[in-house]
Amino acid sequence: MAKPKFAMYWAASCGGCEIAVLNIAEKILDVDANFDVVFWPVAMDAKYKDVEGMSDGEITLCLFNGGIRNDENERLAKLLRKKSAVLVAFGSCANEGCIPGLANLTSGKAVIETAFSTVSTDNPHNVRPAYDYPAAEGELHIPRMYETLKTLDQVVPVDYYMPGCPPESHQIATVIDLVIAALKGEAKLPPAGAVIGAGNSTVCDECSRKRSEKLIKEFRRTWQIPMDQQECLLEQGILCSGMATRSGCNARCPAANMPCIGCYGPAPDVVDQGARMMSAVSSVIDSKDPAEIERILDGIVDPAGTFYRFGLASSLLHRAKAQ
Amino acid sequence: MKAYAYFPGCSLEKMALSYHQSALECARRLDLEFQELDDWNCCGTTAYFAIDQLLSYTLSARNLALAEKKKLDMVTPCAGCYKNAYFTNVTLKRDADLAEHINEALKEDDLHYAGTNQVYHLLEVFCNDVGVQEIKKRVTQSLNSLRVAPYYGCQIVRPRKDHEEVENPRYFEDLIAATGATPVEYQLKMRCCGGSLLITSRKAAFSMARNLLQNAMDNGAAVIATACPMCQVNLECYQQQINQEFGARFSVPILYFTQLLGLALGASPKELGFGSELVSASAVLAQIRNKETSTTQSPYIRHATS
Amino acid sequence: MDTRPTFYQEITNMMYATHGDPISTCIQCGTCSGTCPVVEFMDHTPRDLIGMIRADLKDEVLASNTYWYCASCFHCNVRCPAHIDIADLMYTLKRYSIWKNQYPEGLIGPTFAETFVKMILSGGRSYEPVLAPAYIFNYGLQGFLNEALTATGLLLKGRIPVLPPRIKRLDNFRRMVGHIIPASNLVGEAK
Amino acid sequence: MSEKVGVYICHCGANIAGVVDVAALSHWAGELPDVAVARDYKFMCSSLGQELIEKDIQELGLTRVVVAACSPHLHEATFRNCCKRAGLNPYLFEMASIREQVSWVTANKTVALEKSKALISGAVHRVIHNQALEPIIVDINPNVLVVGGGITGIQAALEIADAGYHVYLVEREPSIGGHMAQFDKTFPTLDCSACILTPKMFSAGTHPNITLLTWSEVEKVDGYVGNFTVKVRQKARKVNTELCTGCGICEQKCPKKVIDTVFEAGMGLRKAVYTPFPQAVPKYPVMDVQNCTFFQKGTCKACEKFCPTGAIDFKQEDKVVSFDVGNIILATGWDLFDCRRIPQYGYGRLANVYNSLEFERLSNAAGPTGGKVILRDGVTVPQSVGIIHCVGSRDKNYNPYCSAICCMQSLKFAHLVKEKTGAQVYNFYIDIRTPLKAYDEFYQHILETDETRFVRGKVAEVTDAARLPGEEGKLIIQVEDTLIGKQRRIPVDMVILSAGLEPRHDAKEVAKLFGIGCSADQWFIERHPKLDPVATMTEGVFVAGVCQGPKDIPLSVTQGAAAAARVIGLVNRKQVSLEPVRASVNAEQCSGCRICNNQCPFNAISFLVDKGVSEINPALCQGCGTCVAACPAGAITGSHYTNAQILSQIEGILEVELGQREAVPA
Amino acid sequence: MSDNNQFEPVIVGFTCNWCSYRAADAAGMARIKYSPNVRLIRLMCSGRIDPQFVLKALSEGADGVLITGCHPGDCHYVEQNYKTLRRYALLKRTLRQMGLEDNRVRLVWASAAEGRILAEEIDKFVSDVRALGPLNWIKMATTTYVDPAPASA
């Protein structure tokens, strides 16, 4: 019997998800033993045509990472959806847009300007990409960039969501074990639409810091105070997103004395992670005086960037107001 | 050495030169650096408000901007200048539109008001920034239980700035006690002397000054200490006229508190501008020199009819 | 319907920026007048004046000497149970009466205020000798002699400047003032 | 599973139908997804209208009901009952207010129809997500806690005890009686305060249903209506009340005299072991350890030596007692405004300036001067006395409110001074406020008989700085006599400041302890200022007397009785049912971040340390939903106002509008 | 919608059960006519207002969102409206970064007696939002391509 087929694709992402998969160490051999890797642009050569030639649902498991930044991303998302039995939104970008999604705070035009015309760019003739370019061999095309970055499930239906930037290796290993067991009929897959490879609570659940009632008089940034190693970071005025972020990472950042930045996305049943953070943080400000409240809030230098660092593209608003 | 932007105000140029001299002398002896504002202008006093509030704010804003240029808090010895500068600062900080409007005008003199500094009266700097305890340590010439009536006047304490005590403050008394003198308790220490009415309503001004002098004398003051040039002029220079008007025989020296403080800090009368008084202060100086005497009789002889 | 603002409204409008509460909140308790050190010289007590403004008695208010006698001591301000900025009300009335050119005869206040302003605009600083002589005759012969004696005393002690002081950047200063009161006849006259 | 929604549109006569095309609305609503039936009717709230709904629920098997009519504040309960009668859970019902929010406030009929559609669409979307809820039923413990043993608390305790229920009456001072025990006479009848108060104190002290806990303070309150657990600290009296007979020998023999700043308002002395006044209830003395010679110097023990029953117990410690009650009445009273805050009145500086409580003691026959009105020198009878009204009241620098009792109190003082000294009395007032029964008559009586001079003007200052002849050695009251428009200086021998009533200095902490609110002035907040003046937002906690706002004795007594009646009514019912609009924590999802822990003013949220999660007590929860909005993990759900319900309502409202928007050319 | 074809904004309003909803009732009982553009949603307390509600309304097509509650100090639940105040302050800051005009989200206090004030505030708010024009957030996230050419000089 032929081995089940495995695919992994990257759309708008950094490649960290691929590294995370490789980072599962010898477990990767189980993947090879149990799967036939048919498409994985980072790891092996393959052509889109090969995929197009497959029958629908032929790929057993496809891990799709990256957001939908351009029409090529969207085309591949649709293609892989069609050809895959199980499509997993893998990593924060595919789940919720992640850092590339922060571009949604500005316009596509501004993104291009930044890339091609800022001081740090060596582009003396102000050369710009052209979507269509007539060459001797015929017209050449590059992918068309979207004004708004989208998440995977904003373009195709997704079977499972696996959050994290990147997903923790131990979580990937667990998921792979589960899928292999399921293929052998030894385990049952969770219901479609489920979040896998993560916990059902928030990062605080896994964080060992001591927590008490919160009353914040001043927000601080990590370099502004010597941080207490035991006390809850938020209670020290450090904006930690742990309380609004899905568990599953073993609270790695707070354990290393750095605040959680929210990469595991919203907690179960939460629509908009940033809104939850905003609401929670402002609820525990220790003042009733409007002027003082504003003064305290001045300590949050970049609210949108802080609360929507990962989740802007999947938030209720998706993006900043188009100009 | 703590530095301040020093705004003397018009009166201190001539009429109250001794206040200017003694203020600077005290500051020097208390290790404070007073940098006089460059090309300061009149703050408008109370009269300006009667004509144009906006202009009054502008005049004070110019001085505030000059102080900001030095990146220093402003100190002024004149109570009127203090009140105007303080409340201009408060108003402009609160009202950004007004500040913007005034900044347009200030551009003509290449100045900008940003609201970054504080305004203090000289008394506040000595009592709060230096501190009464520190001053006590630096006194080299005790004032020998001289009975000094601290006269707060109006515009240092009023209008109310925050929630501070405005009916019975004590810091002036504490400062006087620190010099070794005895602060006189008297009821009218917060009452208006009428100085601002000297020209417009002389009768009223004299009557108010009389009440004040009388009350201080009734409580045994040998000298009245002021912190405002207008109060000083009203109470001292017009004492003769007040005597004539009411048939009284006041002869009370009215000294700037800095002159007394300066003596306690070891300065010579000359350094403190003594000699320009219209009511002689020689008895005061004599008592301070005479270490044996510890109490003085009030030079005032109570008027029969009052 | 006459939509012109009443006197009361005009005064209220002019006080829009006051730090205190509006005069409509006055409970006529008389704390201001009980406190006022000059009240015996006023023809109406400050409280009375507030009542008169609220009754739109414009002519009577403008004919009153009360606000010209206000010494700006702010004692009423700090005691007022309604937090009314009474001293500012007095300033407002002064401004209003100068604006309307309507004030009681024989008062030095109005002309003094204007002279003072002109003086400052001319040099940027105040200069006492300009002030006194203009009014000295109002005090009568005895007053004149007394004043002369006082002045002589001060002069002998070196406390009266001989020349009016001037700030250095006077042109800038005047242009600055011109921004606030454009086409001001005060500035014009001062030059 | 799809729901079957019934939509009912009320004409409200012409109130709605006159503006909104109800027929078109009903037709439109019938087409909405999930809507099984839509009807319009002249008066939905009439019995026929209700029957219509009941019939549909039963015959068509409706699972949800929406009524578009007036405000839910008017008829939500009506229609909920209607659903209940037809066997549908009342919380599966929603109302859309198309009268108050549409037909009464909109003139344009087209727009009115659109807005009605939007509101109904919102309600239909929401009601699908509504959940069946059951009211929360709790038992009521019949015992009652009354805090404060002044006249208000005594009245409340007696009413409840007489009704047959047990009362714990807690008082901070050694004796009950409160401020009223300090007063001399009471206005307007001038009967002796002690004569009318002491019988009530005695009843409270001996009533079999009242447990008196004096020299005690409530430390902790847990629980909710019907089921509070209270911890009370009984401060050590150093007197064994089991043995003490109240003979008073210890007090007689105690060599240490102390100025009594509480009961005698600083006007008289007491011993280090003392009962504050002879008629004190209970009769047992307390020992003032701070001033006791034995405690300070180690020797004396005179009290112990002379005590005939051996009741003195120097080793006695504070005791914390705990008990359960079902309801609580707070009657914690007031503090006197501190006249030192107005330096220009000279109180504390000028000897013969008195505050009102000092004068009460001065005038009281049982007081330090035996009721003689004399100056502080102890001998001189004043020839002239000024009484200043509104001291610290009606003044934005101090308290902006009117203290309500000072006018009558000042008139009473004027009468007493006149009666006892014959002095010339001046009353300085801003307004004379005598609104209640027989009060203005009292004022008239003073005007007619007492020759008191009334000066209308708030006093500017009281000074001893003489300026004019006749002022030497006097206190001069400087004031504008506003009725003649002149400043006056009136020399007197004595000044009485009619100081205002203030909330207790610790009112805010007490409010927090009992989970109720304080106004900006720090008076306790009642549930409704007119229609529910003794209840609070916290079920089972009532307020009465001055702690709720300034008032005189008759009103305080009335409120004490009113609060008692409310409590007796509740206790008689034995059970109370609570609205099931409550928040709850899903322990699975809760990570114990503790954001919610300080969001609840009713102390309903507690953190379970061992489980590492927060928990909400449904009986304490008032259902505001603030913690629901605060929870970053989405672990808290607010029943009947869930996220799904509200988000669907938003969708529903905007669905209609988007349809409309599409039609409008951009 | 209106006679002269001017833009009529759609606004979602949140009220508390005790003050502002009753203010709306009071406005109705007094037959005060005001802009019909605001659709009110009743919550128990303004403290229940989750920023998600505001974002949801904006993303689903509302042109503005009005948040109302009891006056500070008068909250039926003691002090929960202060939490509303804080959340509103932070939400506004975030929305400002998202390019939303200040006038599209507003907080108004109204006591149960202030029907007239609520009506006036609604009129004011509607006219302010009207001046900003339609928001149409829902359409913004649909696919449009970026023109990579340099901005015209």
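Read from first to last, the chains carry the letters A, B, C, D and E; within each, the first residue is number 1.
Going forward, a residue touches a chain if its C-beta (ideal position, glycine included) is under 8 Å from a C-beta of that chain, and two chains touch if they have at least 3 such contacts.
Quick caveat: nothing in here was measured; it's all calculated off a predicted structure.
A.B. asks: Which chains make contact with subunit A and with subunit E at once?
C.D. replies: Looking at subunit E and subunit A together, the chains touching each of them are D.
A.B. asks: What are the chains that subunit A and subunit D both touch?
C.D. replies: E
A.B. asks: What pair of chains is linked by the most C-beta contacts?
C.D. replies: More C-beta pairs are in contact between B-C than between any other chains.
A.B. asks: From the centre of subunit E, which chain's CA centre is farthest?
C.D. replies: Farthest chain from subunit E, going by C-alpha centroids: B.
A.B. asks: Whole-Å distance, subunit B centre to subunit D centre, using C-alpha means?
C.D. replies: For subunit B versus subunit D, the centre distance works out to 50 Å.
A.B. asks: Provide the C-alpha centroid distance between subunit B and subunit E, rounded to the nearest whole angstrom.
C.D. replies: Using C-alpha averages as centres, the distance is 54 Å.
A.B. asks: How many angstrom between the C-alpha centroids of subunit C and subunit A?
C.D. replies: 70
A.B. asks: Two or more other chains in contact with one residue: find those residues in subunit D.
C.D. replies: 344, 599, 626, 629-630, 643, 647
A.B. asks: Give the residues of subunit C that touch two or more other chains, as numbers and ranges in rising order.
C.D. replies: 40, 78 - these are the residues of subunit C that touch more than one other chain.
A.B. asks: Could you tell me which residues belong to subunit A and also touch two or more other chains?
C.D. replies: Residues 271, 276, 279, 283 of subunit A each touch two or more of the other chains.
A.B. asks: Please list each pair of chains that are touching.
C.D. replies: A-D, A-E, B-C, B-D, C-D, D-E
A.B. asks: So in the complex, the part of subunit C that touches subunit B is made up of which residues?
C.D. replies: Those in contact with subunit B are residues 17, 19, 37-38, 40-41, 68-69, 71-75, 77-78, 85, 87-88, 91, 94-95, 98, 107-109, 112-114, 116-117, 120, 124-128, 131-132, 135, 139, 143, 146-147, 149-150, 153-154, 157-161, 165, 167-169, 172-173, 175-181, 186.
A.B. asks: Which residues of subunit D touch subunit E once you look at their complex with the stated criterion?
C.D. replies: 71-73, 97, 99-102, 104-108, 110-112, 114-115, 118-119, 122, 516-517, 519-520, 525, 537, 581, 599, 601-602, 622-626, 628-630, 638, 641, 643, 646-647, 649-651, 653-654, 657-658, 660-661, 664, 666
A.B. asks: If you look only at subunit C, which of its residues touch subunit D in the complex?
C.D. replies: Subunit C reaches subunit D through residues 21, 27-36, 39-40, 44-45, 47-48, 78-79, 81-83.
A.B. asks: Which residues, counting only subunit D, touch subunit A once they are in their complex?
C.D. replies: 588-595, 597-599, 612, 626, 629-635, 643, 647
A.B. asks: Which positions of subunit B touch subunit C when the two form their complex?
C.D. replies: 10-11, 13-17, 39-42, 44-55, 58-59, 62, 87, 91, 95, 98, 102, 104-106, 108-110, 154-155, 158-160, 166-167, 190-192, 194-197, 199-205, 207-208, 211, 237-238, 240-241, 244, 275-278
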